[in-house]
Amino acid sequence: MKEIIEKAKELLSQGTVDLVIGYEQCGDKQCRPLFVQKPEEADKLVFNEFCVHNLATYLTRPEVKQTKRVAIVAKGCDIRAIVNLIIENQSTREHVYIIGMNCPGVVSGKAPNPTKPHTKCQTCKVRTPQMSDVTLGPTPPESIPMDKTITHPDVEELKKKTREEKWAFWREQLSKCIRCYACRQACPMCYCNRCIVDLNTPQWIDTRSNLRGNLDWNIVRAYHLSGRCIDCGECERVCPANIPLMLLNRTLQEEVKEKFDFESGYDLEACPPLTVFEKDDHENFIR
Amino acid sequence: MEEKWEPTIIAFVCNWCTYAGADLAGTSRFKYAPNVRIIKTPCTGRIDPMFILSALERGADGVIVSGCHPNDCHYNEGNFNARRKYIMFRALLTQLGVDLDRVTFAWCSASEGIKFAGLVTEVTDRIRKMGPYTEFKQLNQDAR
Amino acid sequence: MAELIINRDKLTQLLHEIAGGETEVFAPVLKEEATYITKISQDTPIHYDFFISVNSVKEAIFPRYEPILKYKIDQEGVKLEDIPPMKPIVLFGGHPCDAASLMVMEKLFGWDYNDHFYQDRRNKTIVITLACNEFDKDCFCTSLGYSPHGEVGSDIVLESISKEAWKAKAVTDRGKEFIEKHNTYFAASDKPDASFKTIGDKDIPVGFDKDAVKPWIKENFESEEWQKLTSKCWSCAACTYVCPTCHCFDITDDASMWSGLRTKNWDACTMPIFTLHASQHNPREAYYQRYRQRIAHKYSYYVDLFKVISCTGCGRCSRVCGAGMNILEILTRISSLAKKGGK
Amino acid sequence: MSENIYKPYLMKVAEVRDETPDIKTLKLEFQNPAEGETFSFKAGQFGLYSAFGAGESTFCIASAPTRKGYIECTFRVAGRVTSQLRDVNPGDTIGFRGPYGNTFPIEEKFFGKSITFVAGGIALPPVRCVIWNVLDLRDKFKDINIVYGAKTYQDLVYKDELQQWQDAKDINLIKTLDPGGDKAEYGCNNWDGKMGFVPTVLKESGINGKGGIAVLCGPPIMIKLSLPVLVELGFAKEDIYTTLENKMKCGLGKCGRCNVGSFYVCKHGPVLTAADLATMPDEF
Amino acid sequence: MAKIGVFVCWCGSNIAETVDVKRAAETIAKIPGVVYSVDYKYMCSDPGQDMVKNAIKEYNLTGVVVASCSPRMHEKTFRKAASEAGLNPYMLEMANIREHCSWVHDNKEEATQKAIDLIRMMVEKVKRNKPLQNIKIPVTKKALVIGGGVTGIQAALDIAAGGIPVILLEREPSIGGHMSMLDETFPTLDCSQCILTPKMVEVAQNPLVTIMTYSELEKLEGFIGNFKATIKKKARHVNVEECTGCGTCWTKCPTKVTSEFEQGLGIRKAIYIPFPQAIPSRPVIDEANCMKFTQNRCGICAKICPKQCISYDDKEEFIEIEVGSIVVATGYDLMPTSAFGEYGYGKYPDVVTSLQFERMVCASGPTLGDLQRPSDKKKPKTVVFIQCVGSRDPEHHKAYCSKICCMYTAKQTMLYRHKVHDGNAYVFYIDIRSNGKNYEEFLRRAQEENKAQYIRGRVSMVYQDGPDLVVEGADTLTNSQVRIRADLVVLATAMVSPIGVKELAQKLGIGYDQHGFLTEAHPKLRPVESATAGIFLAGCAISPRDIPDSVSEASGAAAKVLGMLSKDELEKEGVVAIVRECSCTGCQNCIRVCPFTAIALKDIRDKAGNLIRQVANVNPGLCTGCGTCTPTCPSRSIDLQGFTDEEIFAEINAMAELH
C-alpha cells in the first residue's frame, strides 16, 4: 500500500504523469476509484481484495485522454482491457503508465458485503501483471488453485438447459433490466461516444425497457463484446437489476477460444477476432 | 385471416450469388414455396446480425441468410467476414434460447437455382410444422 | 379508531386477493438475493425480510415506459386512439422515504399541465408504507427532515410490533376506508414482541445542513470542487432509475407502416445523450456537468420551483453506484464548504 | 377521463416551401376546423410537431399570432423527425401540440417603443413571428430595425419577405452575409446588402438603443458576441429579448430535458431577457 | 411524405398470368406516400418507359418502384429513363416479381400476395433512399510496370502501343529477368536470348517507355487513377547518360565476384553488367564487393574511364512519379536449395539446380555451352533429373505444383542429349503434366527420340561415392528400389515468390497468399486484377506459369490498363460507404475488414492544429460497395449508401406486424 502511495507521489512530483487513477477505501469491505492529481492527495491510495473496479474504463474519457500522461493502478486482468484499448486505437502504450499490481484475487458479490472470491480469479493467468511499467505488491502465492480452462460452472449449467428453459430463464432475467446502461458505462471496452442504442436512424434497438428492447440491448451489448470482452465482470457487478450478464459474455469468450483459438487482451499485435477470418473457419451450420 | 396459418420467411441474400441463383430458379421455372420475401444486399458481409433479430421481432417466423460459397465472394472476403459474425451470433442466440431452427444459413451460388428452390421449400415446410414464432411475437406486447 | 394489527400471513392473503382483481398490486419480491418492488400476481411470494428494495416505488406510478398515444396510419391520414384509463393500485413495501417521494414528484406532474398518466394513477393508489426497522450508512432521511417512521405520502403506515406483525395506522381517509373495507384481515390487538428492536429518528444521524446546500450551489456553480466530487461518475443512469424522485423521461415512437405507439420512457440527466442536440451540440458535454445537474436539480432548482428538495434521503443511488459515488458524502462536503464559506 | 396532455392536434399540411437546401417551411391548418377556431397563441411560443412513426420535434411557431387560421413552422433537417417532416407533401397529416412557453411581452413592454430585431441564419423564424406581429400593428411602434445575416446567400431564409421588408419605407432592414457568402455558387448575384458578421454590422449600424427593445436570435456564438454590442448601442439588459432552443421532449415542464438552472426553458422560456440569461448556468 | 410512383409490369403474360397485377397496383396505391400506381403490359418497352418518365414529371415523383423482372435485366434501363426525366437514378428501385415470384409460383392468390409484399418493401426502401452521384475520378494517363522480366516487358510494350507512357521498374541492374538466363525454351527449342533480346531492345527504344533499373518501389500513395509512387534509385555510381558501355572499367576491375546471373557458376567483376546483352548496357558498382567501398583503395575504374562516368559518392535517390495504373509482374525465384539436404545440394558440387543447368548448357554461359560438371569439368555421362523438388510436398515444402518443371526437365534432357549423344538421362517424377499446346508431343520426343528414361518415384537420397554421385529412389511403377550412379544431378526446384514481394504487396495494398503469391480479384473472372482497383497482376507473381501464359497475361493486364486509362475520368457507381465522423471512434474495425483497403484513418484537428482524435475515412475511388464495414462498426458510424441501415430496416419493417 505504501509503495503505491510512494510511486504515485514520485510520478506526480517528477511530472512523469499528471494524473494517477487508483483506489481508495470507502467502507469496511468496499473500495472505489480515486483520481489523484497532486502528490499530497495520494495518501488515500490503497490496494486490496476489494479493488474490483476495472479502472481502464476511465482511460477513454476526454479529460483523461487530454492529460500529458496518465498512471493507472491495474491488476493483471485490467491490463487486458488496456491492451484492447491500444489495439483499438483508443489509447497508446506511451500515454499510459501502468502501475501493475500483483494480485492474489479480488472479491465478488454486491457491496457492501462482498463475500465470494471472484470467479474470474480462479482462472486468472495474470496474477503477476504483464506489460506494466512498474509492478508492485508481494508476488501472489503459488498455492492459489488455478484452473487453466476457461469454462465456468454457471455457463456449463446454463448450457445444460433445454432451449425452452434457457429462453424462460433469460425472459425472466432480462425483464428486470431497467436500461440504466450501467453495464455499458462501467465496461472498459464500451467506449463509443455514441452507442448504437442511442441511434434512431434506424432505431435498431428499442429504447423502452420492455422485453423486446431489453433483449435487443443485451444481445447487442454481448455481441459487440464478443472477442473483446476481457472478463472483468464489471457489467455484472454494477447491474442494479442483478442480471447475470457475464453468463452471456463468457459463453462468447469460450466460443471465440474454441472456434478461433483466441483470448482477448493478451497480445498487442492481435486483431479483434471479428475483424479477421480464416478461410477454414468452422461452418458446419451453413448449408 | 381465419384460414390456415402460413409462415412468413425473410431471406437476406447477396446480390452476386444467391440473388442470381434465385433469378436462375425463376428462369428455370423451379417451383418453390411462396412464403419467402427476399431482401437484397450487395454481399453477405453487409448482412448484419441485427437484420436477423429485427426480422424475427417484426413478425418473421423464419429467416434465411444466404450468399456466395467460400472463395466465390465477389468481394473476395465478405462471406468469410460474415461467417465469423454468424458463428458468434449463433453462439449468443443459442445461449439465450432463441430458436435457431428458425434461422437458416446456406451458401448458394448463381448456378444453384435448384438449391435455392429446394432450400426455400424445405425451410418453409419446416417452419410451417414449427408454427408461428410466438415467443418473439410476444416480445412486442406492451403489457406492463 | 382502535389500534389494528395485521400479521404477515394475513397481509399476504390480502394482497394476493386484491391482486386477483382489477387492482394492480405492487409488493416486495425477492430476486437473486435482492428485493425489488414489482407488480405481483395472486401467487407471487411476497418477501418481507428486507432492509430496503433496490428499486423505488416510483415504478408503480411512473412506470419505466408507458404508452401515451396510439395511432393508425393510412392513406387518408392519421387516426389517434385513446389509451385506456389507469387501473387502481395498491402499493406496498415502500419505506417512509419512498412515500415522501410521491409528494415530491406529484408537484412536477401537476405543475401547470396535469400529466394525468401520473396524477390519475397517483390518485388511484393506496400507499401502504413499512416504517423502518433498519438503516445503513447511506441512509440520510433525517438530514432532510424526514423520519424512518414518517407518514408523509402514505395512506397507511405499518409499524412492526414483532417480526411477524405490524400495527396499522391509517394516515388518510382513503387509508381508513381501505382498512375498513378489508377489516377482516386486521385484528384488534396482538401481543407485541418486546424484544423486537426497531429504530428511531435519532439513530440516523443528520449528516448535513440541508438549507446550506442550495445557496452554495447557486453561488458555486463553476466551482472546481464539482469536478473533484464527481470525477468517478461514469454517467450511467443507475442512480436516477432507482431514485424515488428522479422523474425525467423521453418520448419515443415505435411504429410499423400502419400503426404506431408513442411512449414515455424513463430517461436520465446523467446520460450523455440526454441533452445532445441534433446539431451535435451538447450543453452538458462533460461527466461532471451531468452529475452536477443531478445534484443541483434536486437541491436547488426543484426547491426554487416547488419549495421542496427533490430527494428523500433513501440512499439508493449510493448503494447502487458501481463507481462508488456517494450522495450523502457529496452533500456533507457541500454543506461543510458552505459553513466554511469555501468555494 | 382526464385530458391527455400529450395528445396532439392533427394538422393538414397546406403548403411546403423550401427556404434553403436543408431548411423548410410548412404551413399547417387544423384538420378539425373547430379546433382551429379556439386555438390561439402569442409571439414567441413554440410547439411540438409530430411526424407519426418517427416522433416529435420542437420548433417555434414562425407565423404571426395576428394571422389566424393557420400556423407555420420553419426547421432545419437534422434528425429522424425532421427528415420525415422534410418529405411531407401538401395534404399529409402531421401532429402539433402547443402553444407552449412564454411570449414576447408585446403589449406590455413593446408598445410605443423602437424595436430592433437581430437574427442570424436559421434563427430568423422565431423573430419573424414577432416582426409580423409588430408590422401588423405598425402604428403602435416607433422605429423598426431588422438586422439579419447568414453565412451565405443560400442560407438566407424567407427571401421573399426580406424583399418586402426592404421595400417597405417604414422598416430599416440591414441584411448581411458572412465574408465570402456572396459567391455565385450560392445562387447570389448582385448582393445589395452588407458583407460581414452580424455583431460587426450591428455595431456599425448606428442604431440608437436608448429606450428601445431588442430581439436577438441566433447561434450561441452570435448571441455571445452581439449582446455586448447591443449594450454598447444603449439597450438595457432587461430590454434585450432572446429565445432559447434547448432540446425538449414534452414542452410541458415534465421531461426535464430543457432544464437549465431554475428555468425550464419550455415553461419559463423560450423568451428570456439578457438579464435572465446572466443568472443562468451556461448550459444552453 | 415522399411521392412514390409504382409501375407494375405484366411482362405480357409472364407476370400477369400468375400475379393479379391490377390488384397489386391498387393495393400498393393505398400505401401512404404512393401517389401513382399503375400496371402496364410491358414496362420495358418505349411506351412503358415513357409512362415512367411522364409520371416523374407530372407527379413530381421523389421515388419510383418498377415491379417487373430481375434488376439484372432492366435496372439500368429504368434508371436511365428516370435520369432522363430528371430523377436521380438511385431513387428508382425494382421489385422482382417475375424471376422471384410469377415464374416460381403457381397459386395466383399466393403469388399476388407475395408480389404486393415485395413491392411494398421496395416502396418503403425507396422512401428512405437518398440521391447518389456516380463517383468520377480523374486519371493520370501513365502506367507503372513493376518487374522487368519478359512479363513486364510485354506489358510495357503493349501499354505503350496504346499510346500511354509507361515506367518499367526493375530492381536488378538489367531488365530481362529469368528468361534471359535460359538456353532454349520448350516446346519449340528456340533460343531464349534470340527471342527475348529483340523485345528488350524494342522496349528500350520505345519513346513512351522509361526504364528504371536498379530501382525499387519505396512507397505508394493514392488510389486508382491517381497513384503517387516513390521510387528508390539505388546508387549505381555510374553516370548512365555519359557512359557508352565501352567495357573498359569491368575489363580492368581487379575484383572478381561470383556472378548471380550465372547462378554462381561464373564470375563477374565488382563493376559489371550482369550479362552481355544487358539493357541498359551500363555497369553498376557492387558496393559490397568493390575495394573502393570495402577498403577505400583501388579506384581503377574511375581512373581509366574515358568519359569520367564513375562517381563513388553517388547516393540512392528517391523519385516521385504519378501514375494512373500499375502492373505488378515481379516473377519468381527458385526455392533456396539449402532446404534439400537429402539431395546433397551445397554438399556435392555436382548436384545443381535446373537454372544452373541452363547456364551450363547455354552458349553464352560460363563454359560457352561446353557441358562440364562443376567438380572436375568432366563431361557428364549420366545425368539424373529430379522433379518436384519442393513442389507438391505439403508435408515438408510447398503444396502447389510449380507447373513448368515437367516441361523444362524434358527440355533439359534433350539439351543434354544434344551435347552428349550417348549420355544417359534419367528423370525421377511423380506425375507428368504436359497440358499445353504441343507439350505432350514434346515430351514424347524427349522420351522416344532422346531416350530420356522416366522413373516414377521419389528420390530418397543422393550421396557421393568416389567421383560419382549415387541416387537412390523408389520406382513406384515396378515397386522396386532404384540406385543410379550419376555424374550430375539436376534438381527441378520449386518456383517461389521472390524475396521482398510480401513487403511490396503491403506497400501496394494488395493481397497475397501464404506462399507470397499475389491474389487475384477473382481467380476465374478477374485473373489479372488485384483486389485494389487500378493495380493489375501478370505472370509468375500470381503463381507458377510458363512463358506463353505469362506473356498473354501481360497483354491481358495491359489491355485492362489501356481500357482504364483510355478515359479522362473514371466513373463508378455511387454505392460506396460513408463515415459519420461525429460518432466514429477510430477503432479501425472497418479498416481491418475492408477487402479493398479503401478505408484509412483521418486526423481530426482543432483550429490550432492539435490532433483531437482519429476517424475512419473512405476513399470512394477504392470502395467497391460491398458493405462489409457497416455491420462491423459497433457505433454504426459507417454506412453503405444505396443499402443503408435505414433502407434495409425499412424493408424489414414493411413486413412488420407490431401493434
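Order of writing sets the labels: A, B, C, D and E. Residues in every chain begin at 1.
Here, a contact is a pair of C-beta atoms (placed from the backbone, for glycine too) under 8 Å apart; a residue touches a chain by one contact, two chains touch by 3 or more.
Nothing here was measured: the structure is a model prediction, and the numbers come from that model.
> Going by C-alpha centroids, which chain is farthest from subunit B? Tell me that one.
Most remote chain from subunit B, centroid-wise, comes out as D.
> B-E versus A-B: which has more C-beta pairs touching?
B-E
> Determine, using the mean of C-alpha atoms as each chain's centre, which chain is farthest from subunit E.
Result for the farthest chain: C.
> If you average the CA atoms of subunit B and of subunit E, how far apart do the two points sit, in angstrom?
Their C-alpha centroids are separated by 35 Å.
> In whole angstrom, how far does the Cα centroid of subunit C sit from the Cα centroid of subunit D?
The computed centroid separation for subunit C versus subunit D comes out at 39 Å.
> Using mean CA coordinates as chain centres, what's the subunit A-subunit C distance in Å?
31
> What's the distance between the Cα centroids of subunit A and subunit E, rounded to whole Å?
Between these chains, centre-to-centre, one finds 44 Å.
> Using the touch rule from the top of the page, what residues of subunit A touch 2 or more other chains?
193-194, 200-201, 203-204, 210, 274-276
> At least two partner chains per residue is the criterion; list those residues in subunit D.
If we look for residues of subunit D contacting two or more partner chains, we find 55, 79, 92.
> For subunit E, give me the residues that contact two or more of the other chains.
Residues 32, 582, 593, 632, 645, 649, 653, 656-659.
> Contact residues on subunit E for subunit C in the complex?
29-32, 34, 120, 124, 582, 653-654, 656-659
> Taking the complex as given, what residues does subunit C use to touch subunit E?
It is residues 70, 73-75, 254-257, 259-261, 280 of subunit C that touch subunit E.
> In the complex of these two chains, what residues of subunit A are touching subunit D?
Touching subunit D: residues 200-201, 203 of subunit A.
> In their complex, what parts of subunit D are in touch with subunit A?
Contact set of subunit D toward subunit A: 55, 79-80, 83.
> Taking the touch rule as given, give the residues of subunit E at its contact with subunit D in the complex, in rising order.
1-3, 32-33, 35, 62, 127
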